[in-house]
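Next up: some structures, all given as structure tokens.
Each of the two complexes below includes chain A, the first together with chain B, the second together with chain C.
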Partner chain A sequence: MRRAVLGALALTAAAVALAFLFLPVAAIFLQVPPGRLLHQLTSPVVTDALLVSARTSAIAQALILLLGTPLAYLLASRRFRGRGLVITLVELPLVLPPAVAGLGLLVAFGRAGLLGTSIPFTQTAVVLAVAFVASPLYIRQALAAFEAVDPDVIAASRTLGAGSTRTFFRVVLPLARGGLAAGLALSFARGLGEFGATIMFAGSLQGVTQTLPLAIYQEFSVDLDTALAMGALLVVISALLLLVLKLVLSWQPSRRTSSFVFARSS
Partner chain B sequence: MRLALLAAALAATIAVAGATAGPNAERATVYAAASLTNAFPKIAPSARYSFAGSNMLAAQIRQGAPADVFASANMKIPLGLYGDGFCSKPVVFTRNALVLIVPRANPAHIKSVFDLRRKGIKLVVAGQGVPVGDYTLQVLEKLKLTGVLRNVVSRETDVREVLAKVALGEADAGFVYSTDARTVPRKVRALSVPAGGRPSVEYGICIVLASGNKAVARAFVKRALGRPGQDVLRRYGFLPRRP
Partner chain C sequence: MATLSADFELRLRSFELRVALEVERTVALVGPSGAGKSSVLRAIAGLVHPVGRIALDADVWLDAAICRAPDERRVGLVFQEYALFPHLSVRRNVGYGGRARVGELLERFRISHLADARPGELSGGERQRVALARALARDPGVLLLDEPLSALDAHTKDAVRLELQELLQTLELPTLIVTHDYEDAAALAGTVGVIVDGELRQLGTPRELLAEPSDAFVASFTGANLLRGSVRAHAEGLTRIQLESGEDVYSTDRAEGDVGVVVYPWDVSVGRARADGSALNVIHGEIASVAQLGNRVRVRVGPVTAEVTAASAERLELARGGTAFVMFKATGTRLVPLRTVTRA
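This part shows the complex of A and B:
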């Protein structure tokens, strides 16, 4: 009897949780008829924002890949004093409130800031904001992927005469590929949704710095239908990214990957 | 026993959440233009405030936000809400003036609005639909200076964001209300707009019709329109209700 009640309670709780998570996403599509939704997507505010988002995301993710991969590999393969501290510093932007990130970027790169550059209000500022908040997701995943590569395999490659560069490109990278791709997908999704740091550091100007999330915020008080159309677009893109992520991860069936939300610090 | 405990804990959680989130019978919830951030809490310290761009607040009220009173930096937005049945007929409760602000250090050496025409100046204005953004456009149109809009580097969501970007020294200039410039006198310098370009800046206040707390809302509006409210507004640099 009591078990039956508990079971029913658990089922109800599960149903409530599921409905709660699904409802806001579904509501975006139900609020406006699909035909009108598609029509809204052709408005210049939307196309401009889409272009800005695509451009800045592509550049930011390329930078993350180029600079983040060596960092992750070094952190995965070397043991040194303060390694835990470095990893924690890398992960910090992940848990930092975006408004703090924006403020930090402004006082670091702003004209009146530490480095005194003229980056604020440019598309470069958007790229930096995205890279700052999204790169930890990639680096952390890449670190876990590199750590999961069996050291014996690397040792075998070296004893068979391959240099460390050759070993990295022919052995380590192919084995870690799945984890790196998953990390990049996560980082891409996070970067696409960047709002707080961007609006503070880069401002918002249509066609220059106004990304999709910033355009949604603006259109919320101007034209709700357009805001909803962009919302629907981002839902679709995010869902596709998640799908890619899951496919990538399932291609690599027998891999030891870290089950921690954050990479181990020691 | 364990089940009873679980149920009790759940009930307690819901009760606590309900108690903190539910409407308060005593306190008015006031949605007010960002430029009123400093003055309004001095008029009625016990009320709850949400400060943002008037257009953003109006959008929230249209979506059913639990506001009792809406105070906008123009008349157009509350008149729109009134026309669509969201609030009572708005009345003018104060006025303001638009100024051009530059950082104290004034890196671009801007002496008047006409200097904004110079190439390479970083001008920050408020976005479309934000009252101060509309007033800015009026000024530029009246002075035949709309060409300076190509120097705009960002369109901000409310007047305080414009103020912050200039106060930080990141932007060379921006248009805000004179009352905003007064809040950071050590960081920005205010330049007046030439007489031919001054817009009429009227603030409208109304009672949100969906408010479940009309008596408290009416009391707030009365206070804002009356001597206590007007004195506070004057102290913060706002102009009297009637010119």
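This part shows the complex of A and C:
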């Protein structure tokens, strides 16, 4: 009897939680007929924002890949004093409030800031804001992926006559590939949704710095349908990213059950 | 044939590893786990960096001025768990270090039919053949085998040991093997070194290690009984030793102070009654265990293990819990110093 009650309670709680998580997403698609949504996507605000988001995301993720991969590999393969501290510093932007990130970027790169540049409120500023908040997700995942490569396999490659560069490209990279792709997908999703740091550091100038999330924020008080159309678009892109992430992780002969572990810091 | 000479020191976590070796044919280093055996191979391969000198004939890999990278030393290292590349086929694993002889090596190690398989699909024995083929494809000047038999189940092990024996005989390569199993070492190598806590205690043929163990550890590692005691007297060419368990035994070896009395199980006989003989050591004790090994039976009586034929074990009705006499000649014993006996 008591067990039946408990079971029913658990089921109800689960149903409420599921409904709560699903409802807002469904509402975006139910509010306006699909035809209208598609039509709204052709409005100049949307196409401009889409272009800015696509451009800045592509450049930011390319930068993250290019600079983050060597950093993650060095952190994974070297043991040195202060390594734990460096890893913590890398992870810090992840837990930093976006407004603080934006503020930090402003006082670092602003005209009156530390480096005194004219970057703020340009498209470059959007790229930097995205790279700042999203890169820790990639670096952490890449670090874990590199650490999971059996050191004996790397040593075997060396004793078989391959130098460290050849070993990296023929053994380490192929074995860590799945983890790197997963990290990039996470970082891409985070960067695409970036709002707080961007609006502080880059502003919201249509066609220049106005990304999809910023355009949604601007449009939702002007033209709700357009905001909803962009929202729907982001839901679809995010869902696709999640799907890719899950596929990538299930391909791997994975030793890891979660894609979201904090990298070991020692 | 080339000679590998290795003379180096390497600081390990809890002790210093010291090795001085000349490897011309096959040498096996044997010792308990944690003795630093694998580090010897890794040092020769260039994966860890000791201080000293390592050279293959005139080709110096390490000395005060030179430290070649692993890829610039001509070693074929076969890792304990094989360390095959999981993302590459057997053919590409074997061809990783050198493409020229892949076909021939796949044939020779009977893995041609597995050429397109991934390492994950192979059995332990097959993986080892792939690892050996891969190491040889690189055309090494030295072959290094890390515990070549320990990752295999007992059933495969005997077959693989025979295969390895044949392979090592046909290869004209200086080969260094490390293993924790004395029998494997003696079966595979002409020279066996016993290494404990990073120190090479004795280096010799398996026969020499049995006949003249340099200390108590070497003796117990080669399978001997080691009875601890103190020398009490010398008379008529015999040394009388009082064992810690109280009995007196006699040896034809001379020694003083605390000693280990070494006697091999196959030099010990078992009886129901005390047999008389002037040079005979006799110990009476409870039968602690009876274990069959092929057509031989190992019986432990008190502190002594004896090896007798299955027939005589049956005739004597040896069973756990009963008592028996074990007997061995004074000439069948060796007295060895009781230096730090770490683990036996």
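As a working rule, the second predicted complex is superposed on the first by the 259 of 266 C-alpha atoms of A that agree within 3 Å, B and C clash if a C-alpha of one lies under 4 Å from a C-alpha of the other, contacts with A are read in each partner's own complex, and residues count from 1 in each chain.
Please note the rule applied: a residue touches a chain if its C-beta (ideal position, glycine included) is under 8 Å from a C-beta of that chain, and two chains touch if they have at least 3 such contacts.
None of the values given here were measured: they were computed from a predicted structure.
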Partner chain(s) touched by A:110 [first = chain B, second = chain C, both, neither]: first
Touched partner set for A:171, first chain B, second chain C, both or neither: second
Chain B or chain C, by number of chain A residues touched: B
Which of chain B and chain C A:156 touches, first, second, both or neither: second
Touching partner for A:120 - first (chain B), second (chain C), both, neither: first
Which of chain B and chain C A:179 touches, first, second, both or neither: neither
Which superposed partner A:222 touches (first chain B, second chain C, both, neither): first
Parts of chain A lying in touch with chain C, wherever the complex brings them together: 150, 152-153, 155-163, 170-171, 174-175, 253
Chain C to chain A touching residues, read off their complex: 42, 45-47, 69-71, 73, 75-77, 79, 81, 83-87, 96-98, 120, 134-135, 138
Residues of chain B that touch chain A when the two form their complex: 3, 6, 53, 55-56, 58-59, 103, 107, 122, 124, 127-129, 152-157, 165, 168-171
Residue numbers on chain A that touch chain B, as the complex places them: 2, 5-6, 9, 106, 110-112, 120-121, 199, 202-206, 209, 217-218, 220-222, 224
